[in-house]
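Two complexes are shown next, each including chain A; its partner changes from chain B in the first to chain C in the second.
Now for the complex of A and B:
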């Protein structure tokens, strides 16, 4: 009994350690003063007005959404194709290919950023939406491939044989059997891809230039100049979006199950 | 014509030979069962026939057509899987209709043929049920309907009754047999269950370690097995080891240490005088016989309509004897014999 209480207390402490610093940004966003202090001395929503009233914040938010949507649209088909290909491989080839696809998650982001910056510069892509979309898609692709891979592994291989035996071409098999059954994995991968791109900052700082600033880049710039609660508003808004995305995915999954 | 001919078909995976070069003919409209323990190559043979596995050597003919290189989807064969492999996101109707939609059959004809197929497997009224709402036996019948509705040249079944309980399995066996007799269709059926093979098949091919050991009617395999392996695999058997005393090619005699007389019986092929061999004496042919071999009943097992008796002969040799319940001899001591015409002398397969 005492053991259980101790364990519960430890778990609560750990959860607090993980979550509280992140949640601290929420009260900060509702401060009436023009500096961040916890807890705020007076409450107000004035900084929300500032956030949505300032064209540069609005532009950054829209750019983030645009890049995240496009990066998701690039990463989902590619990641799904990668998962389908990986499922057909065996042995050492499979392990090597898997390592290659998971690479972007393992390699330090700053290394990727420097490398991509060099490539984008010589291609004249720095400061373009295209550079951000491609960079983010690269980061997001492993999440899609892994998510879809899990769904694929749960698929009875006899289903493919059954469809082929009934005369289906591989495209028809994919369209009518495989895709509908791995859809939860694809949707999950898409949510991960969207969130990955939406809060990505390191690559974006390198690739955004002055013309394609995303929300995280704009937050980063703002903090370097002045540390006002509008930054907390932006962060709270992003957090809410991320929680919404994860929650809706969970809900969707439960409905299917 | 949709007779199937395996001509020297073999399959290796690296150094491992899953199937030795095999010749096997299935006649048009014949129900042939591949019977063997797991790892005997029966599913390999079936998968090669379906086109799921390319053979390492040999040719596969359906009718006069060489389909060795034809992909599965162009073979027009109906397959029933052990796991049923029904599409879980489609209802019963859509599962059965799948092969017809692929063939671009008009919608009105699809409706008619699916309804007919569901009637044949006695699932009328289940068309709009979800797959997971069906019992194992119902799922198995949907799988059968899905395979039959495309009017396949060859029907393939891979242990389709394995997941059903015993009572249901017996019913479905007879059902499949009746369906086959009503509408004969070239059928290859894989099982490791000897009873299943005997109930349903026109002929049975017994497989072992990647080879077909013997092909024949259930009756022929039971009465005249090619070797001790087949004898052991089909039905109950007493196998008495000894040495071939003499053989003329059709009959042989076997000397068994401790028995006063040699055992006479029909000779299987491949016997030579002086070689080690076994005599197959089916338990139901062992009978009480005044003046026969003296034996002691050491165990009685009641199996319902049958009583199995474990007998020990004077030399310590054990024999099982099966009698109809009520006709089994009372007491412990007994004198026994058997009909020499029902005995087979077989080479001893290791």
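Now for the complex of A and C:
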């Protein structure tokens, strides 16, 4: 009994350790001073005004949204098609294809960043939106394929046979049977892809150059030197968006289950 | 027309666009990096020889391995009892605890690391609490050293240890535990002789995950660590952005990649590569 209580207390402590530290950026974002001290001695929303008013922060925010939307638009159709293809493969070919698809997740991101930077530099693509979009789409692709794959695996194959037996073509079968049923997986994959891109730091730091800085790149540059509470505002903003995405993802999963 | 075209779409056609993207943005750049690593004018293998022999770089390799081992050990030791509590919690608590494990994974590592920078400062809340509580006399140096790196990395990587251990624990047949207790074993003995051995595959998987992710971790060590705790990923960044030595940067990247793949091959028994993506 005492063991049970001790275990529960330990779990509560560790849960607090997992969740609470992240929240430190929230009070820091409402500081009235030009430096961060926790808890702030005086409160204000002035740094929120700075964040949304300052052209360089606003540009970074818009760039992040632009890149994340485009990367999602690239990764979702490619990842969905790939998941459909992977589901039909068997044996060694399937294992090879899977190995290629998890590659971007397994290879350390710093290695990917340096490799992409080397290629983008000689192609003159550093500092372009295209470089960021392609890099982020590559990182998001495995997650999309995986999410769609999970939905596909839950599909009843009899449905496909029935539709084919009734004379439906593959495209019609996909459009009227498969796609509606795997849609939660596709949308879940899209949420994932968007967040993967929006949160991405390392590839972006290497590829952004001076002209395509995203929000995480701006935060990264600020906190490596001296920072004001506006960084905490940016961090709070990113956190709020991430929690929103997590909640919507969970809703989608519930609907799928 | 479209129907007939689509009817012929085999797996190859479906995979082609994604494979093309990966070929251009993933495979090709890595091959280019491999080529760059042998491009030193002083001799093709020079960067590798330098990296593997210079005591400064060897210290970096040792520090990287040490951090990865320490983070793995700490996350498994903390994660096991947490996973056990999770498996035994009543449903409502389990939902809450699960949310505590999964939600942080959605928040950018950059934001989570920045939070620790604010908390661990010399005059930050953690130090003020320690001093006010009489635990230490003077504020501790918790930032820009190995302590900071360990705290930050354990915080970020703990969920990757908890989830596989939890999965292994709930797979254990409760009838086995009842049988052990029915035969007169104490709860401690039942844990040590039945539950712990049966959940070991989960520990191995979780540990392998954390170790794999630790090896190449960049953001957290770069922000919370200092000059005395340089890891391989920070070294690579320095080669590219400060010293502009491409052959060394490329060779160091290849060494990190080789170490990662070698570990993955060794750990393939515990970790299906696809599972790395699944956890997130």
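To be clear about the criterion, the second predicted complex is superposed on the first by the 245 of 257 C-alpha atoms of A that agree within 3 Å, B and C clash if a C-alpha of one lies under 4 Å from a C-alpha of the other, contacts with A are read in each partner's own complex, and residues count from 1 in each chain.
The rule we apply is simple: a contact is a pair of C-beta atoms (placed from the backbone, for glycine too) under 8 Å apart; a residue touches a chain by one contact, two chains touch by 3 or more.
The structure displayed is predicted, hence computed values, not measured ones.
Asker: In the overlaid three-chain picture, which partner chain does A:172 touch, first (chain B) or second (chain C), both, or neither?
Answerer: Both partners, chain B and chain C.
Asker: Is A:134 contacted by the first partner chain B, the second partner chain C, both or neither?
Answerer: A:134 contacts chain C only, not chain B.
Asker: Looking at the overlay, does A:225 come into contact with chain B only (first), chain C only (second), both, or neither?
Answerer: neither
Asker: Could you look at A:142 and tell me whether it touches chain B, chain C, both or neither (first, second, both, neither)?
Answerer: In the superposition, A:142 contacts chain C only.
Asker: By residue count, is chain A touched more by chain B or by chain C?
Answerer: So, of the two partners, C touches more residues of chain A.
Asker: Applying the touch criterion given at the start, work out whether A:28 contacts chain B, chain C, both or neither, answering first, second, both or neither.
Answerer: second
Asker: Determine, under the contact definition given at the top, whether A:5 touches first (chain B), second (chain C), both, or neither.
Answerer: After superposing on A, A:5 lies clear of both chain B and chain C.
Asker: Touching A:163, do we find chain B (first), chain C (second), both, or neither?
Answerer: first
Asker: Just which bits of chain A does chain B share with chain C as contact spots?
Answerer: Looking at chain A, the two contact sets intersect at 169, 172.
Asker: So in the complex, the part of chain C that touches chain A is made up of which residues?
Answerer: Going through chain C, the ones touching chain A are 2-7, 9-15, 17-19, 21-22, 24-30, 32-33, 36, 78, 81-82, 84-86, 88-89, 96-97, 100-104, 106-112, 114-119, 123-125, 155, 158-159, 187, 212, 215-219, 223, 233, 236-237, 240, 246, 249-250, 253, 256-257, 260-261, 264, 273-274, 276-278, 280.
Asker: Show me the residue ranges of chain A that touch chain C in the complex, using the header's touch definition.
Answerer: 3-4, 7-8, 10-11, 14-15, 17-19, 21-25, 28, 36-39, 74, 77-79, 81-82, 84-86, 88-89, 97-112, 114-119, 134-135, 137-138, 141-143, 145-146, 169-172, 174, 195, 198-199, 201-202, 206, 216, 219-220, 223-224, 231-232, 235, 238-239, 242-243, 245-246, 249
Asker: If we count contacts the way the header does, which residues on chain A are in touch with chain B in the complex?
Answerer: 156, 158-159, 161-169, 172, 176-177, 180-181
Asker: Can you tell me which positions in chain B touch chain A when the two form their complex?
Answerer: The touching residues are 50-52, 71-79, 81-83, 85-89, 98-99, 102-103, 146, 150.
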